[in-house]
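Quick notes on the structure that follows.
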Amino acid sequence: MRVAFIGLGNMGKPMSRNLVRAGHQVTGFDLVPAAGAYLLAQGGQVADSAVAAAAGADVVISMLPTSEHVRDLYFGRGALVAHIAPGTLLIDSSTISISVTRELASEVRKNGCAMIDAPVSGGTLGAEAGTLTFMVGGEATDLERARPLLEAMGKNIVHAGSNGAGQTAKICNNMLSGICMIGTTEALALGIANGLDPKILSDIMRTSSGTNFALQRLNPYPGVMPEVPSSRDYQGGFRTDFQLKDMLLAVQLANESKTLATLGSVACNLFSIHCDNGYAALDYSSIMLMMDKALAAAASRTK
Amino acid sequence: MRVAFIGLGNMGKPMSRNLVRAGHQVTGFDLVPAAGAYLLAQGGQVADSAVAAAAGADVVISMLPTSEHVRDLYFGRGALVAHIAPGTLLIDSSTISISVTRELASEVRKNGCAMIDAPVSGGTLGAEAGTLTFMVGGEATDLERARPLLEAMGKNIVHAGSNGAGQTAKICNNMLSGICMIGTTEALALGIANGLDPKILSDIMRTSSGTNFALQRLNPYPGVMPEVPSSRDYQGGFRTDFQLKDMLLAVQLANESKTLATLGSVACNLFSIHCDNGYAALDYSSIMLMMDKALAAAASRTK
Amino acid sequence: MRVAFIGLGNMGKPMSRNLVRAGHQVTGFDLVPAAGAYLLAQGGQVADSAVAAAAGADVVISMLPTSEHVRDLYFGRGALVAHIAPGTLLIDSSTISISVTRELASEVRKNGCAMIDAPVSGGTLGAEAGTLTFMVGGEATDLERARPLLEAMGKNIVHAGSNGAGQTAKICNNMLSGICMIGTTEALALGIANGLDPKILSDIMRTSSGTNFALQRLNPYPGVMPEVPSSRDYQGGFRTDFQLKDMLLAVQLANESKTLATLGSVACNLFSIHCDNGYAALDYSSIMLMMDKALAAAASRTK
Amino acid sequence: MRVAFIGLGNMGKPMSRNLVRAGHQVTGFDLVPAAGAYLLAQGGQVADSAVAAAAGADVVISMLPTSEHVRDLYFGRGALVAHIAPGTLLIDSSTISISVTRELASEVRKNGCAMIDAPVSGGTLGAEAGTLTFMVGGEATDLERARPLLEAMGKNIVHAGSNGAGQTAKICNNMLSGICMIGTTEALALGIANGLDPKILSDIMRTSSGTNFALQRLNPYPGVMPEVPSSRDYQGGFRTDFQLKDMLLAVQLANESKTLATLGSVACNLFSIHCDNGYAALDYSSIMLMMDKALAAAASRTK
């Protein structure tokens, strides 16, 4: 298929490359011109505007940072929807607001095109390895058209429901993972302050009712798991400010839909405080550092 | 071994029976006289006081509701420590305050006896099946003396550290499981309010970074997992007021040790509100009902 | 002045009547036809559409429940802006979203009219007595045009800043009053649970650093102040669901502007739980009932 | 009266001096020997032990940092109760745990002496000026004996109830003032982020339902009130770690008495994070700095 890929950042680069490797004809575009060099070197094409990239494309994939970027691409300055052929399929893999997602899909349909939301989980490692999970919102027939492309970039494709459902599933999940991560650091700090070894306590909770992703795959305490961000100064992984962005979307949605998100809101504020303290670029498991400071302060008071 | 078993409630009954089955000589006592009938029928003995039950015993096991009950047994009205032979091993499987645990262990040692704390996870089902997890605090040699008994009642025996470490591990774990459970219900409610199917969303999150015990084994939404409390009106399982009791111990410990437990505190308050609303006897996954009420209220406003 | 008054509910009725009494020529409209009877009886006119009410008016005042209602009036089904003469001044006294307020003011300006946001505090009692506070956002010259009308309905007119500033001030204030109210009920419950008399404790805190509006004017504990809602089963006053609505706006704004509102978010969720439990129509000081339930539960456990 | 004054810190110095000025015969003691110099210079006596200071005293006043210090003075290493004459009146003005307070009062009574708890509000300025508020728990007759001394040090003496009631009232008040302070900084930050002037917003909220001590006497935003800590880099006033200590006592008491303190717990954790970030010695209104960081971060993202 001829694919336009808009947004060649840390995620877009390996994703577009995997499409090329699977035999698709990929033309990329990024607002930062240098971002295209990688795709070129991998055998793709690069255009100097989104409209040029999408000329003649069967499918347009977007992977952009915020709701505003996506809206701008399709209807604002980019005005892509006005320039693409009817029948083109748009796949938005960005993580953005549900209401913007729905609004865009509805507008796109009026222009005779189709759109699915297909945000991902798995991070840059998953993008590199082609093992991303895609959570898809939209018509089943549109998902089937997209499937060969999604399978070139990921290994788990889930149809969550109609337009917006992919985004909804994504941010529900990320709100929950944020809550569980902070909960895990609180539990670890409580144990450590009372003399427990973090590795032993982690093992106990991992095999008990406290078990969760943080204990199974991403232990936030340095040294418990050798291969994870916490064991390399929280470098790599999923940046805390990205986690915060997703939680802000979740809390906003809870606000709009009048559901309770008490822990979600508090967790969101704690990640915000953590970012403000200078840790925005570290993996989100670095929220452990906030608990560590309290441990250190308590220890120094005891002395 | 000759074992005195103090506290023949929902947990104590199957635990003491499993000791009998393993060939130990068990004499039980409970403040409620009728509680002993089951043990008698299973081949154990019943005494009419804790002191009588412990006469000649190698090991005393206690399984009681609160710190006050345990203190009362060993040093208060029960005054058991004054009546047992030096060298007796005391195993407290109750879930109680860490400071009381340490204080008791230290007093017991002055009387020439040894004590370990060995609270359990696994609930009444685990007690019945003999598959409990024991989280043990105390001397390694005392744990070795206790091991044959613990193995008759459970299948996972973890040495968490010195006296109090078993209790600490237990309440760290239960604080975390409480946080993850509420977080899971918040995420489910958020998805449902926005049109997602609870089963599909549960599947997505269970295989993503939001995964945790609630999604893996105890889904709080009715009908997602047929065998769990949520699918039988939240009957059975782990009572919400017991969950609350453990979280109160955790928050108290965090307060004493000056560690952060922000989510832990909020979760504790939410379970407290839930109990006050009349749900104390239901499984703790029934906190989903709090989110459901918000969903129903939001839906009725939309109409 | 000729004034169109849109929205003749509990607030709109006394406000429009006070304009009539001050000698203005008032034509009202409400989607509920019967709502106009009161204004007619007080010497005003009633029209059968917003457009008809606004025909020939110098000023249009709107007092409506939500952002959607206000948008609908001016640009949606009501389409009022398309039908009014250039130079008409619009005064919106509803409490609605800041972004909608700003968007409307900007659109109105394109149509050659002017708009100020002028939400109120003081409730139905203040509306009756003509003692409302108006928090005004918009141009100073527009405020001066509006002043004679505002002074007929209130006694405290504050210019908070440009368009949206009135709304912002209003919801900042209401978020804070909600936090202080819940904080006050927590402090009272804590004291009562430990044997203090609510009146004595209220007096101590009212004259100490804990003092706030709830202690000064709206004590939430029954019997401490004879004239307030808490002393008449929480009837009258400011409905909890209205308080919740304002807090949801505040939390949404905090989310959009990436500021911290940790206590604000938790307080918002607590009011939501309280509404869901059936107390939406009671004064917001009825959140005391949530604390009372905990007190009663604790007391019954002690027995 | 002959008075022993134990604890000559920032509060004890001016308090003991005011007793001297009122004509009482004061002998002081502090673990830090140099602390006595000031009292000597003011006309008091200094002893080299608590027991020596209390020899022949009618009344012993203690003003110490923690529960442990007070217990140590009367029953531990100090063992003061064993050395004083029956009938001596003990006044503890420290802010400590309610349960310790009650336990000490009961033990003291067994020794034939009387004790009241009389913690203060008003800070070092109030201690200097002799305008402290004393919140008193204990027998009315004991309060009457103490009254001449309390009136020499303060101007507002409130009988809160039986032993422990003074402490309870104090920490209920301080939990509430902490909640209101954080709420005020959240509301100010929300307004500022949306273009409001902090002074105008403060004025609006101070005269509306958001009013509280922070807005009336201790505005946390620099420059709004010239004379308060926020306008001098948060120097002076009431240290954040002292505020934290009182909130920890409040949350502990709520935990023990099973009352809800949701906002109290979250506020306590936020003050803890703030202290851990290096602001422990600043006035507690410096929690505004936490909100400022979020404002600055949000502003830098917008650029």
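Going by the order they are written in, the chains are A, B, C and D; count residues from 1 in each one.
In this section, contacts are C-beta pairs under 8 Å (C-beta built on N, C-alpha and C of every residue); 3 or more make two chains touch, one makes a residue touch a chain.
Please read these numbers as outputs of a predicted model, since none were measured by experiment.
A.B. asks: More C-beta pairs touching across which pair, C-D or A-D?
C.D. replies: By number of C-beta pairs in contact, C-D is the larger.
A.B. asks: I need the pair from B-C, A-C or C-D whose contacts repeat those of A-B. Over half of the residue-number contact pairs should coincide.
C.D. replies: C-D
A.B. asks: Once you find the CA centre of chain B and the CA centre of chain D, what distance in Å lies between them?
C.D. replies: 39
A.B. asks: What is the distance in Å between the mean C-alpha positions of chain C and chain D?
C.D. replies: That pair's centroid distance is 37 Å.
A.B. asks: How many angstrom lie between the centres of chain A and chain D, each centre taken as the mean Cα position?
C.D. replies: Distance between chain centres, rounded to whole Å: 48 Å.
A.B. asks: For chain D, jot down the residues that touch at least 2 other chains.
C.D. replies: Touching at least two other chains: 258, 260-262, 266, 270, 272-273, 290, 294, 297.
A.B. asks: Contact residues on chain C for chain A in the complex?
C.D. replies: That would be residues 248, 251-252, 255-256, 258, 260-262, 265-266, 268-270, 272-273 of chain C.
A.B. asks: For the complex, which residues does chain C have touching chain D?
C.D. replies: 98, 121, 133, 135, 156, 158, 160-162, 164-165, 168-169, 171-177, 179-180, 182-184, 186-191, 193-197, 200-201, 203-205, 207-213, 216, 218, 250, 253-254, 257-264, 266-267, 270, 290-291, 294-295, 297-298, 301
A.B. asks: Considering only the defined contacts, which chain D positions touch chain A in the complex?
C.D. replies: Interface residues on the chain D side: 266, 272-273, 275-277, 290, 293-294, 296-297.
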